[in-house]
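Shared between the two complexes below is chain A, which has chain B as its partner in the first and chain C in the second.
Entry: the complex of A and B
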């Protein structure tokens, strides 16, 4: 792997500040916590997709060795409604006898050891009244929700434009259900002390968990403390308050002891949601020279019976390319399935596969280079509003990527390149990722020795938040990175938003930026009250900060260290709170652009066996300002692996009659192994983004997007076969 | 937890006696399949008889035979120099058959006895599985089956025998040494496995209390070329969609002798006698290979998810033959 330095936008690739803790085993993840007197919980899940529990026999379980308590809907606490966050959270478990999907929690067993709890859970016998389940998205009885988020979009006149278009593409693209599969098994350790509750919990948003649990158990929010300083990955799986969390809390209340509930891998498949399958119907109209005149994009995705989900697959078609006529519509269908949920690049991953496949088809149809057609239709301004972008280096991503990849060496004919048994193909895809940012807050404190610490309730799911925020604060306070201590993942700290939507860096970074500005102001004000200070009477605008000192711009000797200012005023520390709220596009007169990117892949397909191999990947991304080149590269690389998985391997398989997930193990659900991932060339381009004060766009998800269509497009170039369904497997390519 | 007893006898005789006299007892070797299945609630032995310290480990050359102790690990056998030299396709099957961690635990005897990866067998919440609960039916036949058998399969069971190692071993006519309280018997590996028929729960000829103590691997003559070609969706750490083990003795462009077996397609490791018949004394040409392949995949039993394997298996064999003869 190589990365080309672009110093203007690239921050130093310093190592993770939490790296030593992690590699020496000192970072404590939720399942590492064992409290005195702790009991263990095991869940029981339904084995039908729809119906009612007629009878549960818990006698054998209750008599099982070490069992402390068996909780079913018959003796569960009545819990309060779960408030929504930006989406619905699952309603409290065990409140009725209704089965809504296969794998729903129907009991929890608490025992003195994990083994005893698990053994007892298997002794519970259940009789059901089985109802017919809705499992097929095409089932006419299933409820359809049109325009679920009020985001269906239309401008121009797509109907007329399509009718008049000299060239049209009209195709359907589908993607499979995928499961997030963070490596760390989600765990909740719940511990009551009177009416206050402490949770060590795996999630991506401690304040949300705090709020939901408080509401369910009828206690003030401040009575619940959620600790998530470390979590073993999320990929979106930790963005809701899943039902095992209140189960652990309820269990702890029942037995009067701390309770640990650690999900098993199969339980992770049903208990934390999954990326919805999608059907995308796309019609493109274009001129004979490949200029888009119309885009129509409709999507259908799935929903559980009682949940909701924000998965606007068609939205990518409103901001990716310039077209005078665009219509996008999304629909959802409710089924008896486990919850659908965010998974790295929700909506975008699926919608981009469809759009970038269709654009590729159009290129072949009009005889244009697939790279050229993307450059030709580049959207100079936001095609929906006509406003300028806050930044958009899609063109540069495509051009730089093409050079690094050697795109020009490609023989444009299909089936024209081969190496032994293998047909070789080159594929390209563009990526225009969504923009997302939520309010966030942070506190920055400078201590007597001049070092600082930063606090926020947000968590670092492994992306590097600890490190990049330490770098950012150090830069703003004029300190070294190792002089800034980060304290995250505690709901009692300043309220933070989700580690999700690629939005945390902008949200928290802007809050840290705000707090540092306010803190410097406080120091300046303080110095101003000291007539002997060299900074007295220096206006704030003229202050510079470096090496732990404030000084007058251009006069480095006229200054004072932060530590000295505190000492002079007899203070042990000085702190400031910072907040960030997303700017308004109307006020700024620009459209916030998410990250942009381009993917170039070389694929090899065994002509007889259909076996597919990705031989090379070049991924170029515009993430605005990159705070840490090494960690950003790590995010892109991880996303690329996820993209290869989505393209070629990952499929959550559901039995069509029972709704049971049939491949809920790491042996059966295929994620790429090292040998499936080729050399990946990663590069960053672009400018600091104008929409937030720190210039970042967030790169947690974009790495995944576009990999699948680039592979599919490369397979078409290699074989002449257009595969419009993911994952692409060898049986689809055998002649 | 569900309690069970554990014993570690000092001798082979004691181990066999302990299991023979308890119908709910099982031997425990590397445990890489057995312990998983216990955790999943598929196996519930009352007594585990740990044989891992018994003197059944090691590889000995015995003339044209390699005698492999049943407790030899996959990794140890894969490192055997004679095998590397004389029958490299066995080594390839071992190395492609499991990760290094598993190869260091799993034994050769246990590998031959590994249970199917059928998702319906391995989840006790699925009621219908003739292999797990005789007479209960087969859920896999009606469900999503990609990793399943097309040969030897029936509506009663389509579970695949997933061993890679067993594929070249049936091709070489390996022989299994089986010890019981009555004494020792030798069974050719080609007759060791049972077709599921109406009793998919019976997978081999072992009777309760019988223990595999060794496997004899006849070494092919010097000059034999061999290959183990394994086809799967991802590059490693996956069971075969199809695989072919081929050993040939060539005389110019003519195949003098051929041994062929296939994996990933059968309810048992599939020895391809028809293919060998076609190949013997035949020119190494695409036509020969195609007719060998057609002869192998006869009367397949397919479900929608496995239909593609009919052609994939043929092409896998053709590719293996092409590579090994060229």
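Entry: the complex of A and C
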């Protein structure tokens, strides 16, 4: 009983099980909790990027109507250090007078209403000693960190290969800062009961928040309960314990009441981190017929003064295409900026833009079809280790996508296709995404009536975890989907991992798979103790499950229902815990391939105005086994929209003199609206992946990757202008 | 005392503080938290409700302005076909924009602006969806508009 049965349940496009709650306004997000006696907090942020607080005058704020408490570094609790998870967490706020970036929290005001808290927060006066800030990545005084993760890679001899290459591309590609901006305002509702603490909190990893808060406030981990059954998106923003969380907890302790701290939209720009800007230097060497002989890829990204970030932009160049000589190097530079942080496909989004633009340039240089050059350089095996891939349908993604799109109708000449005053261009990009998985656990319980529930302290940020895990457990236990309930979003459940890195489905799914196997074993053992059971003496390997019954393979009548086994033994339920840890590539003798994909876009550029419109998109992806096609399509669609944003709209603009984010509102920071998104054709190819027992590769992020270079490549085809900087705006296309 | 009429129920509201928006009144005072706050600046549409049948942004409306108006929120829809269509077309992911999208979409039907996909896209563009469910939202609205 280790294989996945019931294919009619797995993969089926069943509706989101939490859908009815979401369309009736009944799903409760962290800021929807109003607790009895609850007070409201408002934060005060620094208005310089670097320096010290000389003096703070809180008198007016304290006297303001309804104010219960004003906390600054002068009266803040001394908090313990924030432990790291797989990355650092911000150290506790209000512990000193040092300003490290514009927008850093310097006070929190608590009042009886939000209006009173917000009004009082504006009345705090601050005097600073300003220091010169580091804001320019090229500032020689800024600290540079080379090879931050020990992942710089080299094989072959890139120097010699580049020197000898008959054709070379040597270009620089840049991407702007982007801000995750989940629509849900991140909120913490903190409530102490003696020494125990309950948080309704927006995050993507309740156990991490629990651990960090417990350490800061010096209470046992079990004394902190973090509840996140619903969160209004994250896209990576919820993967660290941001400073507003301990601020809310501290405020609740000070006033002895529950406190709600809801960030405002502008505060979401400084308080949760953002996607780093990147500079990518790429050198490609190739033969005259377009075969790669060398790839050199270096990147520079930014860091805040006291944080870290995993953004290996150059890594894509180690696994995307076959090349005998490859060198990749990443560097980071520390600045007085708000935290850089994960945002949907960190590193990959930027690195792929650079590589896929460069490959396109190479295609034009050697006179090859941009689709052909990608097929020509397809990596049959992992180019770094020579090991086979756990699965890789990139070739199919490109071929199927090209057919659906009608790539063959493309006129290969630039500026050759037009429709009225619009120049039409076709662009393509390939995507090879990374693979990531963390340990995870889950408990599966079958109840007396034969239905089941699954518990794990993870979150469903909109990806569909509630639904697909119910489907998976139903498939493994031989139940219907509506007989299984997935419970999540509570740190007191079995320890769960982050909803991030496109790794949750593999991690949690493998844990659920393990738990279901153990649970069926328990049922078989239990039945075996009953000499009258038709399952007595049937070895475990010969057991099958279907329709809530265990039976002997090939003998459907020789069996018993789960409910009956429980009843016979006087049990109300039976449960089993399951765990998953990532497999090792060495042991399996294969390289885990993340998802693969291809993007085809038609862009239209107004010849006079430079106005850019994406007319249609075809996105084909290999996500391994797709547990629910309807929901997986939504992930790809959402990623595609994010990719259009990255390509054409999104840019977090920091004022070069003050370090202030100048466009921290939805009016100024543009994200795609409905009218910006054309028809998107989404398709899946590939097979179940061999690297984990359920055969999945995550699809949460890949949809975004490759959209920007496909658009840039299409713009080149339409206009003859090669734009190497994101976002691409109309001014860049005007003569 | 102001009287807020929400989903057919009259709520007497002590609005000593004139700064209270309709959105905050709904969410903080009446515990009608189905209406969401995404920006509080009139730029995202998450707070869309109906006022006498027309869609408005609750974050840009003071509660005190609503005396005598009929406010309808997501909690006031009674199994509207739009809700069902949103579920079947998977027209959301995190669900945070959904109340606003559905209220906008319901109003759109009455505005006769759901005739073509281009119209739906255009007139639903005041409602941001950061999860990017746009094409599925269009599909849901199109279906309900056709069947209306």
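Things worth noting here:
The rule is short, and it goes like this: the second predicted complex is superposed on the first by the 725 of 735 C-alpha atoms of A that agree within 3 Å, B and C clash if a C-alpha of one lies under 4 Å from a C-alpha of the other, contacts with A are read in each partner's own complex, and residues count from 1 in each chain.
We adopt the following convention: a contact is a pair of C-beta atoms (placed from the backbone, for glycine too) under 8 Å apart; a residue touches a chain by one contact, two chains touch by 3 or more.
Only a predicted model underlies this, so the values are computations on that prediction, with no experimental measurement involved.
After alignment on the shared chain A, the placement of chain B and chain C results in a side-by-side fit free of clashes.
Once chain A of one complex is fitted onto chain A of the other, the partner contacts of A:673 extend to both chain B and chain C. After overlaying the two complexes on the shared chain, residue contacts for A:655 are found with chain B alone; chain C is out of touch.
Of the two partner chains placed by superposition, only chain C is touched by A:24; chain B is not.
After overlaying the two complexes on the shared chain, residue contacts for A:611 are found with chain B alone; chain C is out of touch. When both complexes are overlaid on chain A, the residue A:663 reaches chain B alone and has no touch with chain C. Contact comparison for chain A: of chain B and chain C, C touches the greater number of residues. In the superposed model, A:115 lies in contact with both chain B and chain C. Taking the C-alpha centre of chain A as the vertex, the lines to the centres of chain B and chain C open to an angle of 40 degrees, rounded to the nearest 10. Of the two partner chains, chain C is the only one that A:639 touches; chain B does not reach it. Between chain B and chain C in the chain A overlay, the least Cα distance found is 5 Å. Overlap of the chain B and chain C interfaces on chain A: residues 113, 115-116, 119, 667, 672-673, 675-676.
Of all residues in chain A, only 47, 65, 113, 115-116, 118-119, 122, 421, 608-611, 613, 648-649, 653-657, 660, 662-663, 667-668, 670, 672-673, 675-676, 729-731, 734 touch chain B in the complex they form. Of all the residues in chain B, the ones that touch chain A in their complex are 1-3, 41, 117, 119-120, 123, 125-126, 139, 142-144, 147, 231, 233-238, 241, 308, 311-312, 315-316, 318-319.
Within the complex, the chain A residues that touch chain C are 15-16, 18-29, 31-32, 34, 113-116, 119, 181-185, 230-235, 262, 264-265, 461-464, 630-631, 633-635, 637-642, 665-667, 671-677, 679-680.
Chain C meets chain A in the complex at residues 17, 19-20, 24, 27-28, 31-41, 43-44, 46, 73-75, 77, 83-84, 86-88, 90, 92-99, 102, 120-122, 124-138.
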